[in-house]
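Below, subunit A partners subunit B and then partners subunit C, in two separate complexes.
So, the complex of A and B:
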């Protein structure tokens, strides 16, 4: 019986293990192998990493991604938590449900579609908010997508597509907080601000950490937004804005897969460290 | 507490904030729908939230479909093909794997669980270039399997299934079926699978949306325009809009056609989304009950 059970468990996971090895383990190994060898398959030490780091575009790309991550994570935490608290406090059931659904709709436009929508919205010639853009001093699309504005623009796009889902998650988590607790706080004289700050937000902490870490991992991968924007902006936005774009450029424009792999390995390391912190700190995976 | 409620003065600010964000989230979608019904001239000079005309919509449709000889249908078909084949593989692979991780003991289970969590949190896009090198080495570049198989690898689905079985299905039930003489496969098929309907729907939805909206992977792995899924196709269309790319030659498309193509690209996701809303909310909170 026991042996049969063991055997069956392995049988059930077999196909998954094959995919895991083929599309998780091997590409990771491949990336590491290429990152530490040169074009002639000789061990190259850290020279690929040095080459990436000394490329004139490298630190610019690191800076771009870092700046974008700051804008994106701050706005995500502030507005998602704020909106979830407001929704939870304010709305009657039907209205709240409708609002959550409507906030969620842009989530269906992930990928290239959301960039298309924002290319239009940011073009003063056709934008439904061209008035706002002109008041802010932008008369042409080129002015709007000037490199200095890009972190904010990518944040707008990412927030527009991604925030709705997280609002739903936070709202659900708020619903899990016992009404007795909130009632007790109210009797003790806590206003909405105090209740939110002292009770609700601390209890949401784990979900906020979860959101920040997944958003961080996603943010480091920035590719489709700058890539399409650079196509559309007639060279105002470069093709080497993000690290993934730079890696792509090394691999397919410069035919230098080793340096491209070095950048991939760096991004993977950052992702893994973040994942490690996540697993260790949040207790999220304590299901076992 | 009615007295408490009565004492509280209604503050309009929170409602105002909620409405402002409603406009932020919905206005672009509404605008996009209307844009597809206008001519480019109306798009520039008309009221942004006006309806164009059915005639303009029909013209846009004709112009869009004639771009590269029905390319848009080819792209949509490719997206559907890649997404659904990958979805089918994902479900056949992820559901049994998540079930086995949650409900059975076997050697390497713990390692597999940790590997799943790590891979799930690893930024996938960083593996696109290494994936290209790997698939190039086995000469799969240019075949649809070069995107379908990586899509089908979906650790998040395994994790969701695992959480579902550990939290929502009592293990005694599985053990009882085993004692009654059910084979391991019989237990899975007759007991576990019927109970797993919500999680199958959920994993299916997430996998479908992730595959349908993926851009980077097919962009790198598929060399030819007639193999593109619609996301990459949108990029091709974008390149052919003179206002965004003045160097375009005779193959020009106008902006309303691009809006129409975007609408077509998102419609399948919206439809699937509308039907699975119920599972979504429940599923995004899977694990929320575990402290």
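So, the complex of A and C:
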């Protein structure tokens, strides 16, 4: 490598590193500092963590987020992989191109905007699919946003907003599988199911792990969906539903930034540990 | 990489992290701002521009003031006015307290409980310690500034009142030959008659988050008695609470009490022409009947809220009514106080422009005269509204935690699912207790 090329490479990396430090490392360090101090900047040990855990909303929020994660991750893996495989089979014709475009559209909407779209969809008084809602037994918005329905609603919203991009990623990964390999499987008598199950999905494994890691970290930070739904339902649904909302409440309702930071640090730790386990067990960084 | 090199790298990384944390520590010693409850110490008065935060409804107030006072430099900023308990103001003040700059000089808020956090956060300046003359302060309707008073010191001024009255459709009442109920017992009996004789018509709505403020507050239910700066008495199962909850349950069951929100598109579509009676605050006339439901002129009338038979002390509830706060950090207290006084007391704004019933009594008279001359209502609204203004039951406090949010999260979903309110009263008690304690309140029964 020439010195000039090495220099420009370092410049690019340096820009990234500066941004990472400014908007990733320093805020994280700040949060960790807050989590272990009190309002007077004195070392507080684990008291902020204890205060968070003894709040009456804490374990309810943990349960809500856990249930949501199960619904969200399972539906994400099953449907994203399934739809990507379907897309890959249809790739030759115009339907494939149309579908690729269709899958990508929701992801192009900003998070809050797509949640707003769902708020209209879910209100039988104004929804374009109010017929479907009424058939399902929902006559009012209040019935739709009943607490028991929330994990499914948040999963629907998150899937609709987030899955399209992943389908496109998986589709790209499927395109990277050598056509010779698929051809050989076909000659050996493998049908579409066997090809998908024994060849394509195993080769997608790293991408699936990558998706699960990011979706898990994103899912633990559930905030926009319940917060907007709470605003729209004037508090009937989800005001302190998730851990991030609880953290927000501590910071801006109770003026207790330290306990809020403690919850954020816990979410960071959980995300890191789960990512570590997945990476270690899947051989994510192993060279092909 | 050798072990030695790796160890050196780890040490460098550790030192880097420590350096970052040290830098952060140096910058981050904001903590919570000191309270200003004691002797108020104004910041150096340098004068200059005053910053005023208003919601879009109060924007005409600031514009009118600017027009009448061209010499005052005014920077008007619109925000959500903390509508629906958004806590925007508290969030921003929390951040301003950390950065030690940026506070607005005067703020309008649609929430009555702002002093619960704004006083301990040191944001609000006291108003009855020489800032605003006592002669001016005595012009407010009795009890109007209760939400603004902490330990005898006044920290905000009430913009408008939201006393509850009984709105009713005068033409339906007359054509069906019904009498306007004077007691809650008569109200319930009429509800039962309507269910039998005119099914589909409504005598009230309990689906909004402010249902407890309309019904249970008026019934003197002690769910929210703030007894000290951080003390609250909560008893949701007293006879005062259960009698009103049972009334609501009866009417919900016979479908004359809606469980929908009066502001939902569903309600506007399906219930707009089905309202016989609707207990609600003074602003229901303009906001609900005129704007949302588009009820034609000449139909809606106002009566005093029903009372429980034999109760010698009439009581009504309250739903909102905004407040104006003066910043303790203002460097131009003279202009800021002048604006605050003008905006809350002036006849030109409060009496003639403001949409809500003015808390300042003299302006309220002008406002009521304007309502009467508008020919929208079927009777004279002045007397019932004026009488109700001083009947707001004082046993319901203005704590830091939102009663509306607690009711919405605890009772409304159960109501939607078909549970009775009476059966959920203990659950409501637990929820209020939990939220109060998590906000640092000592709770007694």
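Rule of thumb we're sticking to: the second predicted complex is superposed on the first by the 248 of 288 C-alpha atoms of A that agree within 3 Å, B and C clash if a C-alpha of one lies under 4 Å from a C-alpha of the other, contacts with A are read in each partner's own complex, and residues count from 1 in each chain.
Assume a residue touches a chain if its C-beta (ideal position, glycine included) is under 8 Å from a C-beta of that chain, and two chains touch if they have at least 3 such contacts.
No experiment lies behind these values; they were computed from the predicted model shown.
Using the contact criterion defined above for the overlaid structures, shared-chain residue A:128 touches subunit B, although it does not reach subunit C.
Contacts of A:231 after superposition: both subunit B and subunit C are touched. In the superposed model, A:30 lies in contact with both subunit B and subunit C. With both complexes superposed, B is the one of subunit B and subunit C in contact with more subunit A residues.
Of the two partner chains, subunit B is the only one that A:12 touches; subunit C does not reach it.
In the superposition on chain A, A:213 makes contact with subunit B only, not with subunit C.
By the touch criterion defined above, A:55 reaches subunit C but does not reach subunit B. By the touch criterion defined above, A:254 lies against subunit C but remains apart from subunit B after alignment on the C-alpha atoms of chain A.
When the shared chain is aligned, subunit C comes close enough to touch A:40, but subunit B does not.
Once the two complexes are laid over each other on the shared chain, residue contacts for A:147 go to subunit C alone; subunit B is not touched.
26, 30, 34, 123, 125-126, 141, 231, 233-234, 251-252, 257 are the residues of subunit A that lie in the contact sets of both subunit B and subunit C, per the superposition on chain A.
Put simply, subunit C touches subunit A in their complex at residues 17, 20-21, 24-25, 28-29, 31-32, 84-87, 90-91, 94, 117, 120-121, 207-209, 259-261, 264-266, 269, 400, 402, 404-405, 408-409, 412-413, 416-417, 434, 437-440.
The touching residues of subunit B, when paired with subunit A in their complex, are 1, 4, 14-15, 17-18, 21-22, 24-29, 31-32, 35, 43-44, 48-49, 92-94, 96-97, 99-101, 104-110, 112-113, 115-119, 121-134, 149-150, 152-153, 155, 158, 162-163, 166-167, 178, 184-185, 188, 209, 212-216, 219-220, 231-232, 234-235, 238-239, 241, 243-246, 255, 258-259, 262, 265-266, 269-270, 273, 277, 280-281, 284-285, 287-290. Subunit A contributes residues 21, 25-26, 29-30, 32-34, 39-41, 55-57, 123-126, 140-143, 146-147, 231, 233-237, 239, 251-255, 257 to its touches with subunit C in the complex.
The touching residues of subunit A, when paired with subunit B in their complex, are 1, 4-13, 15-17, 19-20, 22-24, 26-28, 30-31, 34, 79, 82-83, 86-87, 89-91, 99, 101-103, 105-113, 116-121, 123, 125-130, 141, 160, 163-165, 168-169, 172-173, 176, 183, 186, 207, 213-214, 217-218, 220-221, 223-224, 227-228, 231-234, 244, 247-248, 251-252, 257, 260-261, 264, 267-268, 270-272, 274-275, 278-279, 284-288.
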